[in-house]
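Read from first to last, the chains carry the letters A, B and C; within each, the first residue is number 1.
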Amino acid sequence: MSRSYIPHWIHWLGSPPNFYRFAGAWRPWLMAAALAAGAIGLYGGLVLAPPDYQQGDAYRIIFIHVPSAWMSLAIYAGMAVAGLIALVWRVKLAEVIAMESAPIGAAFTLVTLVTGSLWGKPMWGTWWTWDARLTSELVLLFLYLGVIGLYHAFEDRRRGARAASLLALVGVVNLPIVHYSVQWWNTLHQGSTVDLFGRSSIAPSMLWPLLVMALATHLYYFASILGRARTDLLSLESGKQWVRELVEEQPAQRQGAPT
Amino acid sequence: MVSTPSNALGPTRARQGQAARTPTAWHACRALLRRDFVLAWRRRGELFLPLLYAVIVTALFPFALGPDPQLLGRIAGGVLLVIVVLAMLPALDSMFRSDLEDGTLEQWLLAPQPLALLALTRVIAHWLTTVLPLLVVMPLLGALLDLPAGVLPVLLVALLLATPLLALLGSVLSALAAGARRSGILLALMLLPLAVPVVIFAAGAIAAAQSGMPYLAPLAWLAAALAMAIVLAPLACAAALRIAVES
Amino acid sequence: MMPSSATPAPLLSAHRLAFSRNDEPVFGPLDFSIGRGETVLVEGDNGSGKTTLLRVLAGMLPPSAGEIRFEGAPATRDVCDGRLLWLGHRSGMNESLSARENLEFLAGLYGVHADVDAEAAMQRVGIAGWIDEPLRALSAGQKKRVALARLLLLPGDLWLLDEPYANLDRHGIELVNALVTGHCAGDGAALVTSHGAVRFADPCARHIHLEA
């Protein structure tokens, strides 16, 4: 199992002490950038963008709903890629990233569902409707919960991470099937779903805040995963030389690991 | 008798390792099937539990919804489908657990047979012993819920395609959960996303048959998914079993 | 099978083989080899990694470092499957089935389908009378003997026996020694773990000592 075809920098980053330092250095900057982009995006979306001629101000929830929905899928994809690396090459860092991505992805999925339901109230007059997109998102939430639950059901964390990674990969095959089956089912049972953002093109004044918000959520994810993976590595590697040195370096001011 | 040094079965046995490497997968699968059937027969009392569960739940529906035959007939197909899925769950959990605990899976891993093929054989044995009885009592349960007579064949065909599919998907999850310290509800949580498309297409076929529409398309989709799962699920199951044995 | 060349490769060899669990080294790096007809005794205290070593050699755990070769070729599943027999802490047999059913199933699993003489094997391990009893009716030592009977029925060049002496009385220990000696005389090989309390059959057998 030679690793010669893996680029050098990935190999370097795969070493826990290197990653720990890299993540510690980058996390504050990414988080700051995420907050800045989020502020700009929300200002643009909630203040600058004009009200929709059909939906009034209610549509503004898309500036949270849509980026969250994108993230819920993007994080799942990222988790599956990390899981594949964890399964094939048994890279500890990949296991950590896959498993720490799952709660973040589940949170974005939950945000998507909640905002979708809030949006549904003025649009459809009901909190929940079995709309194809919302239903797929709900199934996605269960996929995330299954991965998290399986991971925590193992006593050996690394074995749990690999089992959960395999489940995540099964989910990758399953997700498109769920998507199309739900769409088919939806057209079968209720012909008239309101197409929330139809085929009509979106105005530039609404588009740029949406894209900035998407950037903000991505940055937030990266900042968050670096922080979570960093903490996780610290506890997985506790007892190792580099962790001991780290603790000796910073005696008093940091008792607990940063979260 | 211990002191007799000559090996009763002859010293050339080690060499037979070569002979045994000729394709023997069929014999291994047959041995596994026979073993699983004998085990199922020894525990035949347990085989009735899913049946009993299905009958009890079915009987509760008229009490909850009222005995109106028209209402019951309209929901019967979907209700029976969901009951079958739920009745399959407890047995799925035990598909590999005891074999992991007593070390049989270690022998599976070392045997000169493809692990995926053994997993597929186990799914077949599992389906025949725990799911097939459910399908056999379907006409009875259908009668309890006033299922229209014309829909029953479609329901049975849909279940004949959907339940092996669910058993194949469930085998992967069962193998994943076997190494974990607890499962139970976890298995249901993991199965739900995988079961959604299966339930949708099976119920779609039943609903179409009930309203006199063409129902072949969803059944064909189920058959296609089943064909795909027969190839892919045992491979995933084998990978999961390797993780389970690794301790 | 290839005709044996001038210097036949050992049946199994390990090169710088090591295993770590959660980055804690369990054993190794180890270098050793076992040729046909050889018995190797793996000794060490509880927790010294004997079982782990055997599981790694059996391919149930991936080594953290180093390499295992089987007859000179890297030990992949294709090379090893069916050539190794594993006797571990867990019997590998179902308690609800009789010894005969268990043995016949395991023989079938290894592809032995004609004349599986479970009775002769049970006779050899001295509990022929229990052949049709469900396994849960047997004592721990008797179960161990059924597991030993499996070794007689299945083909396999290399026996990996993890604590085969556990639960056995004096006669049982002699039985294990006789089986191992017989297997090695028939050109097989065996790797046996023991925590050192048992007198091993072959005083010249090589030893691998693992430190905790």
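One rule holds for everything that comes next: contacts are C-beta pairs under 8 Å (C-beta built on N, C-alpha and C of every residue); 3 or more make two chains touch, one makes a residue touch a chain.
In this text, all values refer to a predicted model and were calculated from it rather than measured experimentally.
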item: Closest chain to the centre of mass proxy, which here is the mean CA position; value: B
item: Longest centre-to-centre distance from chain A, chain (CA-based); value: C
item: Busiest interface, counted in C-beta pairs; value: B-C
item: Chain A and chain B, separation of their C-alpha mean positions in angstrom; value: 33
item: Computed distance of Cα centres, chain C from chain A, in Å; value: 47
item: Contacts with 2+ other chains: residues of chain B; value: 246
item: Of all residues in chain A, the ones touching two or more other chains; value: none
item: Interface hub residues of chain C, defined as touching at least two other chains; value: 62
item: Residues of chain A that touch chain B when the two form their complex; value: 87, 139-140, 142-143, 145-146, 149-150, 153-156, 159-160, 162-163, 166-167, 169-171, 173-174, 177-178, 181-182, 184-185, 188
item: Chain C - residues contacting chain B, complex; value: 1, 36, 58-62, 80-86, 88-97, 101, 104-113, 117, 120-121, 123-124, 126, 152-153, 155-157, 171, 174-175, 178-179, 181-183, 185-188
item: Interface residues, chain A side, partner chain C - complex; value: 90, 158, 236-237, 239-240
item: Residues on chain B engaged by chain C in the complex (per definition of touch); value: 1-22, 24-25, 27-28, 30-32, 34-35, 38-39, 42-43, 98-99, 101-104, 106-113, 118, 245-246
item: Touching residues (chain side chain C, partner chain A) in the complex; value: 22-24, 62
